[in-house]
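Below are two complexes that have subunit A in common, paired first with subunit B and then with subunit C.
And then the complex of A and B:
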């Protein structure tokens, strides 16, 4: 037992997994010190979200052999985060989550470098996301998941047989929790279903009909939503309701109580008012810990090959006993996001402006205010202003020429679309084919042969 | 809003003020504070438990820095219990955090009465013999016990308690208690005051589906000598009857009635789970029976008498299309019945308490009320003593699991997790713990597995070579992410045990992070 303390490194436990050969491992697994060192040196991982899952993910990844992490989150720390977001203290309230989380983990785990990004995910260039070997998602919103999924799937290229080209595959590991329930999933664009293929797993939130709120309220929630959605606008003409302003919340609560009394309805409390208005999802430390740990293990396995990977969706439910289930969902081969791209046939004379207008009309896309990119070039950008001005002159040029007169190529467009009546950023990959251009190339090739 | 309450807002929405109060009263003892123990406690400290006592005799080594977030470089050479305790305290100053620098195995041997001061013991990374001893101590002292262990890419969590009774099981899906096919007189009378053939179309589409169904069921049973629709054809006929009552296509209340007609088809009376609890021998109460069983005894009497073969009414109704007036009236009718049922049960509880020589007021009104509201959802969890399971597991289950595709890896890990303790008892180290002895360790572990299976009476079946190799590769490593998973599961179960809400797992949870096909094994 003597050797145990003499040469002990901080990688004592992880080395067993990374340095030794095994039989139940991925075919790509090459155990050895090199693998461990490569994980530390070259594997750059992006964590999206520094909340309940994000805090856990950063800690877990930092203690699973990764040394180059980045984290992106637009939120500031609130008091209600403290029951689970263990990297934050009371005195941190009001500070950016990404910055505090990164600093706390670096303080405790020496040698780890975490770069925080205090901004929206849409604020980053698409190329920012390209630099990471894996993107790990610790989010609580469908819109944000959908956006990142589209970005990662946007990198995917297919060969002429519609097979995914391996170097363009950007894997994602996604976690989510609600109360005693959660999920962890692995998304390998082109192989597994992407977030959009199985969007039905996240049904839209049920809303109360306005006539119920206005005419036949029956529950405390009806009274609260009446005060929030109808009465507020009647009384405060033009002033928008701010759910984070305690005065606003108190007003809604008081009005809801009045309405409940009027109709003989029970159960309006301040806490319920907050819950209904902000659509609060209950959250606890333990569920976040479980889901994040599962996500981290999958990340480690994907990058190192040290074991098999989850295929492809894990659910955890601790409400009644303990239920952990793995489901192998299948990919939607016609998926707009991870498939080979929506095919659009265009005349070679179509201008960029005309093309952008077409996107708005296209029944599958309905994409407004589109920015357009071809390979590494911005053909047109809606914002920021500088870029808009620089690219504006392209609008009147034929797209065919802007794309270098190739008969067929992939193009990326970002814009807004509506999902369940709400505006959402979205990124789409399109496969453009120029009518008549094929013939030219065929001829060229014939001559060349 | 006061600060401490705001901090816990997101969890109060799950277990309420009373659940939080139970957590804040709880005293927790952690045995061994490696990553598995540290992560378990982290989640509980954040939730605001009353106090923690961390017990560990080891010093922090460099290797610990790579798998435990609760220690850092400045801790090397110091007491691990002290360092982990200091960090845990940082997470929540409302928690009283203490530590004792001592090896748990020693404490179990020398001072068994030490453990009786705690609400629950979280015992991590213990070997088999210590588990057995501790289990006996905790059962004797009526202290909750949970074991957790991480080992390479596997691990387990096992609760050990004689009996855990749950009133607030809070299932996700449970049939509403509406009594549509067995209405009590007041509900019947209320339904009779409403004529479904009313001429006002606004009133027609605002008649709640509960009233519609009660009336149509009445009509049906009159025509079918008291029987409910039971065959497929009858059910369809019943739904057609509902459809025929619609006067316009947009009547949501009728659509809801058709959708809810399965609630009519469900059998009257009490469900099989509740029946099993009522037939449990513990419901024959005596002076030392728990409050729970006293209430079950009262429930039994109630069902046989004034309950008319039904449990006390829950008293709440789901939201449904309705005028405000009818909905509120209906709500009051349900609440009044629930209150009457509660009073009847309370009376019976008092007389039972008196009969068994206890203070008739010793069970609080709130407790009885909660019991009545949840009477149809009661749960009892029982756990075999560890020693029983270890010496005498269900061989049939074991054999079945070993050959079942979904269960074989988890079952294999269960066997291997026991085999490595036998290995360690013989060779003073775990298989693959040190470099250079792998081949020898693999064959030694194989021998240990065969020996164990034969001792358990499981000849002929075995664990795959691949899994045995894998277990040796793990070399008793405690990986942080595995520990975080196991710790997460363990803390979740601790919360359920302490708050007495939701249903704790029964059996041994085996974590399989090779392909994430983890299982619960009841042996």
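And then the complex of A and C:
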């Protein structure tokens, strides 16, 4: 009995949002029991990362009524995680984060099912990501965000008016924290800027000049980086440094201490060594909680339409006082990842050489000296000579065949444009459609069968 | 705003159609930008490039530099480039594969070139780096030393530096270190 009371009260709060109409709702909002039940039954949500943010996200999403969650994380639990990654206990150290986090939330929140995936995000097929209605990111690296963004934007298709086709849109909600600062953003590919449109928002990593490390160290960090980047190679020729191997880390620490003594520098500790080498920024539990709350709320709003969503980038700063600001960033219309690309219709007989000539004539492109890349294959490279020679034989082949006889696909071209008499280099995304190609492939298959 | 539930059926349909497809390796934005950099390279005549993993993998490659003036005239120096998927947000990792007696390159092949580390900016490109490396051979400088001894000799005794460089390039010892021939 007690359990069902708890369950009802959880649903009652949600009911206030989902069962009643409102003035600030999204135009698509259709309040009612159907929506609430659909949310629970159909909304499959993927959480990426089961660390500081991930633990919060899983708990928040489960308590917000979502019942079908999956979580992916490649890491195992470490002792230093326990202060803020509250789903983990001392006896969990060494176990996969995704598995323990999923189990703990299921133990505490009735009715929720969480499927853990203990692997790298790149290990999953692209189709794995297609199954989710929304992807929520609790990551700590630019690289992983960039990968997921490319996957999610890869599903996006545009109609002939360059409008995103609704059913191909895979929204993302991205959270991030660094100490007392954090952000939450809503990415609706095709409508709001994708991660790549605004990659400049990430500050570059601080890198010390190597000669400073070698000659004139002034700080503890300089001594640590000396041991890590220079001394390691000198002593262990050929062996790569593994930041997750405690023996390696201890070696770097010991060398850094020697270096610091030599130059009379204070402050080299083992934890600072780990911090500098792995680029760790101290994590604040409350920042994670605040950012996760914002992300979960946006997820609920996006999926249900019960309110307008954040537009589109929230920054939180708790360093001095407390500042929250929302900025509406704009899409890069020529973005190589989320943009529509220039649509070109071609005959299946057009050779690569003919295609390159066409780019020069095309009024929207006026692109000369084009190099052409399709997925992971370089079809033609203008330079350097070695690549030009390796790809030259493709020029006389039909592009349709070079692209694997698909009726429609994205390719990328780089070259020189001249507009208003000025020459500029550019990189463009093109969407090629081959006329009558559907019929051709059908025929091929019929013959094959 | 998107009608997520209106389209759930359609999404399922798309997913089913896609299942038969060939799994595609995801292009990183870094690869695309690198493709542009490489296709627009305008190398000095004395520089050549090789792609050990074939024409489709541009993320790791080698550049050989043959300085046509200065102390290192006649030598050939091989550099390896490793480019990250988030290039140009992050600079490529560059190492010198040829053991060289040089004030700004240590015996492990680490290179002290500002644009590879502290001064890297996304507007820079592969061409800039190659010219930067080339410049290190025509204008070695003792103010940013990675090889402390070589820098001191260059500063205090340029004649001796010159003969040390010659000895190293033709294959021989400078101090305790042996340098294989690279001419």
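The criterion applied here is as follows: the second predicted complex is superposed on the first by the 332 of 449 C-alpha atoms of A that agree within 3 Å, B and C clash if a C-alpha of one lies under 4 Å from a C-alpha of the other, contacts with A are read in each partner's own complex, and residues count from 1 in each chain.
We adopt the following convention: a contact is a pair of C-beta atoms (placed from the backbone, for glycine too) under 8 Å apart; a residue touches a chain by one contact, two chains touch by 3 or more.
Computed from a prediction, not measured in an experiment: that's the story for all the values here.
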State whether A:265 touches subunit B only (first), subunit C only (second), both chains, or neither.
-> first
Partner chain in contact with A:14 - subunit B first, subunit C second, else both or neither = first
Kindly classify A:22 by the partners it touches after superposition: subunit B alone (first), subunit C alone (second), both, or neither?
-> first
Touching A:321 in the superposition: subunit B (first), subunit C (second), both, neither?
-> first
May I ask you to decide whether A:237 touches subunit B, subunit C, both, or neither, giving the answer as first, second, both or neither?
-> second
Looking at subunit A, which of its residues have contacts with both subunit B and subunit C?
-> 308-309
Contacts from subunit B onto subunit A in the complex sit at residues 1, 3, 6-14, 35, 39, 42-43, 46-48, 61-63, 65-69, 72-73, 90-91, 152-153, 169-172, 206, 319-324, 327-328, 428-429, 432, 434-435, 438, 465-467, 469-470, 473-475, 477-482, 484-485, 487-489, 491-493, 495-496, 502-506, 509, 513-520
Quick one: in the complex, what on subunit C touches subunit A?
-> 1-8, 10-11, 14-15, 18-19, 22-33, 35-36, 38-43, 48-51, 54-56, 58, 84-86, 89-91, 104, 106-112, 114, 117-118, 120-122, 144-146, 148
Interface with subunit C, subunit A side, in the complex: residues 26-28, 35, 38, 42-43, 122, 125-127, 130-131, 133-134, 142-143, 146-147, 150-151, 154, 166-169, 171, 188, 196, 199-200, 202, 204-205, 207-211, 214-215, 229-230, 233-234, 237, 302-303, 305, 308-309, 336-337, 371, 373, 375-378, 381-384, 386-387, 390-391, 404, 412, 414-415, 425, 427
Would you pull the subunit A residues touching subunit B in the complex into a rising list?
-> 1, 3-5, 8-14, 16-17, 20-24, 56, 59-60, 63-64, 79-80, 82-84, 86, 89-90, 107-110, 179-180, 184, 212, 216-219, 263-265, 270-271, 274-275, 280-290, 292-294, 296-298, 300, 307-311, 314, 317-322, 324, 326
